């Protein structure tokens, strides 16, 4: 399958490499071209523009935020340069970044009007999982479109969940999932601040948790980062965490669902950013409770 | 081993039955005697008083709250009727309920003075796990005392974690663990209120979570209760949840550790109790977010 | 002075009437024309369009939210129909509604480019105060522009505070002031839920407060509404309260200032809206604490 | 009138001095005797014990917290040395400190049994107001007892509010009033962190507030402390603020009233204490928002 791939950050570069390994033809585009060159060495074709990358059966976008996806999809000042206009009819846009419910809806409408397919397929997993083709894919879209792009999902992930034929539902599931991860970081941070200040060994504490009711990757991964206070280099930087919590709050606002933990997380991320933690992994959020209890700041 | 067992509620009755099955001699006491009769049919000896149950190598208490443990241990108006005074020298008191750090400290001191042993050994697990001898035991106390009572732990649980030689540390770990469970209930409740109001199927949503990063008993158990809205009969009633969150806040206050999620949980439990949910399982806490978003109240 | 006046809601109609009483020539525009007719009977000239109302020395806008101000100022699909383009050179736009810091900045820039003046001058006061020309005006803008429009402020208010020569500062002060009012509503609501449930007379309680440290209009006004549970008709409807708290949160986000009470207020407003209170006065927020404590919902 | 006075801290010493000025006979007791000596120079009689001070028509206690009032009233290990036992029949105990609702109830019952009178009469006002006899007194108790002690209130305060014939109601009103003050400190702190970071002059900002809707002593006093960052010496130290917020939360818990702002304030006070602010005035709470936004810590 000929796949356009736009966005070669930590996650995107690993995903595109796995598409190559799976035997697909990959036409890659990235705003800073050196990332493209690295992928070209693995067999990708370098695209000079979004429009070039759009000449494919499937175009995957893996970009930082709504703004970046909007620019790529709608072309900014030059609509003809955007994906929506430039993709061949019946090609399918797979959006794998975490985007807002609102943007998912607008993309659905715009692609429908342009007679393209659109599948929202955000992924769960950090860069290590992306490199190992062990991502979890949460997909939503028209059934035939989802079926067409299944080989893409098979190449990048270990399992795909199709949750709806409305693409925005996949975005919402992903957003709420990231909210749940951040909730784990904060609640673990509070618990560790408590037992740690009482002199309990945090590593052993985490073992108790992850050997019992909390035996899940999210506790092992983020608990481990908190125990080791290993917040740099960031696997997922704090500003991206703030972005995702804001997406959850925006979705909650749209649906009139108050989410007090999400509100707390937003304030925590602002604190982290305002006090020098903007370059840290989002797990550093979990160190703020200890900081407020008198320990040094994580930054 | 001759084991006194005091407190035959949902949890205690199952634990005592497993001690009998493991071949121990059990002398059982409960405030309402019909519970004792049921256990006597399984081979236990009925004790007429705490003092009677205290005539043993090991005395396990599994009671509702600090007040009950205090009354049993110190005898209230008649100190001689309490465990501390009535146990033979060198017998060991195992406190398996979730008690405050402060009470754990007072029991440690009082038993030391009376030349008894004291082990704090709260358990993780709901009544089903207690019945199946699948509890997790978090134990702390003097090493030789812990070793002596290990057969008790083996009979009731699937694994024992020895976290400290200071008994109060086990209480703190248990308290913080219950805080983490309540955090999961609340955060899942918020996430499900969000995706549910958007029309996503909650059962499938839970499957996505528990097949990926959130593949842990705590998400399966409490997520399942939330999806099925199955809050009665209570496995662990809401007022007990409030009690444990208050123990976490008290420990945090003692150590000067602010815990904003614990504060939120306390307010949520008060709301649940004030609006008719006092008889529900504590997982009903997770239905309040949907209630605030316009859904019916869980009670 | 010839004054264009755009936006004849509860507040705007009263302000425009006071401008007429002070002897100014008023050219009034409103989306629904019946409001214009009512003012015309008091001596105003009816404008058929924003462009018509823009032919003045000063143009005051008093509109519901950013979206409405943006549409009027920039003309939407037809920029030439908007205030910025249609005002004569050197005319001054006075924005009296509560708008975002971001929009205040964009208006400052656009008017500067069009060689118009721009003063942000939001007001404190409910419709009664507007009718009595007792508003408080918080103004910011270039000193000569502010001086030129001072007669406008004198006609509508009892006092004007010039806080900066940067128009966005006036918006921020107003936004933060509305945040403080909402904080008073919520904290009074919690206090009244507490003393009321204990049987203390709420009216007398309010008298104690307003006779002592809390002797301020904000406590008298909102305390009175809470004591009388008088939430309809709304002087300032709940959705507008949510809008303003969101403006505070957006400003806080822009400046990296966490505001936990503002976050709580946002959740409270969402709850109020989701549970049927969307038509109530924003003071109904203060009744949610009692609702969570078991009292009937204010709606 | 012969008045026993127990507790000569910042507040108590000033109140006792005003009783002397009003012509009453004062028998003063304090744990550290140097405070008594200072008052004796103004005409008081020094009492060597609580029992001595109890030999009076009215005994006023002005002590730090529940623990101190309990010790004085019930005599600790020696009940006969406590106020309840030592006061002559028909003498009246006036408790002017902020005590818990629970203790107010226990004092009411104990004094009734001992045939003494009991009036709870906490005061609003800082040491300056106490010195100027400008306190506000919130009193509750049996009508004849309240009438008997009215000359005491007249000597120390500018106005007395009789809110109930149940003494605990006065404690609740006082507790909720201190909660409202702390709410003002926190909300003003958030607002000032916001406008201050945007470059608005905080002194002028406060003037806008206190000239308009927020024209009340509580905003002038605490706003002034926040603008000047004048947190030492403490007029009312942070640990006392925490104590009072905890009394509000305890009362709320007793009545099943969730109070989310009180929960937030409790966490804030813990943060202040844990990060070195334990010696500061409680208004330093209002500086934590700016600290979280990147400004220096107030301590």
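Just so it is clear, A, B, C and D label the chains in written order, and each chain counts residues from 1 on its own.
Throughout what follows, a residue touches a chain if its C-beta (ideal position, glycine included) is under 8 Å from a C-beta of that chain, and two chains touch if they have at least 3 such contacts.
Every value quoted in this text rests on a predicted model; they were computed, and no experiment measured them.
*Asks:* As a test of understanding: of all chains, whose mean C-alpha position lies farthest from that of subunit A?
*Replies:* Relative to subunit A, the chain whose C-alpha centre sits farthest away is D.
*Asks:* Please state whether A-C or C-D has more C-beta contact pairs across its interface.
*Replies:* Per the contact counts, C-D leads.
*Asks:* Go ahead and note the Å separation of the Cα centroids belonging to subunit A and subunit C.
*Replies:* 39
*Asks:* Centre to centre, by mean C-alpha position, how many angstrom separate subunit A and subunit D?
*Replies:* Here the centre of subunit D sits 53 Å away from the centre of subunit A.
*Asks:* As a quick test, compute the distance in whole Å between the mean CA positions of subunit C and subunit D.
*Replies:* Roughly 38 Å, centre to centre.
*Asks:* Which residues of subunit C are in contact with two or more other chains?
*Replies:* Those would be 252, 256-260, 264, 270-271, 274, 292-294.
*Asks:* How would one label the connectivity among the chains shown: line, ring, star, complete, or other?
*Replies:* Contact map by chain: complete.
*Asks:* Sort out for me which residues of subunit A touch subunit B in the complex.
*Replies:* 101, 124, 136, 138, 159, 161, 163-164, 166, 168-169, 172-173, 176-177, 179-181, 183-184, 186-188, 190-191, 193-195, 197-201, 204-205, 207-209, 211-219, 221, 248, 251-252, 255-262, 264, 289-290, 292-294
*Asks:* Once bound in the complex, which stretches of subunit A touch subunit D?
*Replies:* Against subunit D, subunit A makes touches at 270-271, 274-276, 292-294.
*Asks:* If we count contacts the way the header does, which residues on subunit C are in touch with subunit A in the complex?
*Replies:* Interface residues on subunit C, with respect to subunit A: 246, 252-253, 256-260, 263-264, 266-268, 270-271, 273-274.
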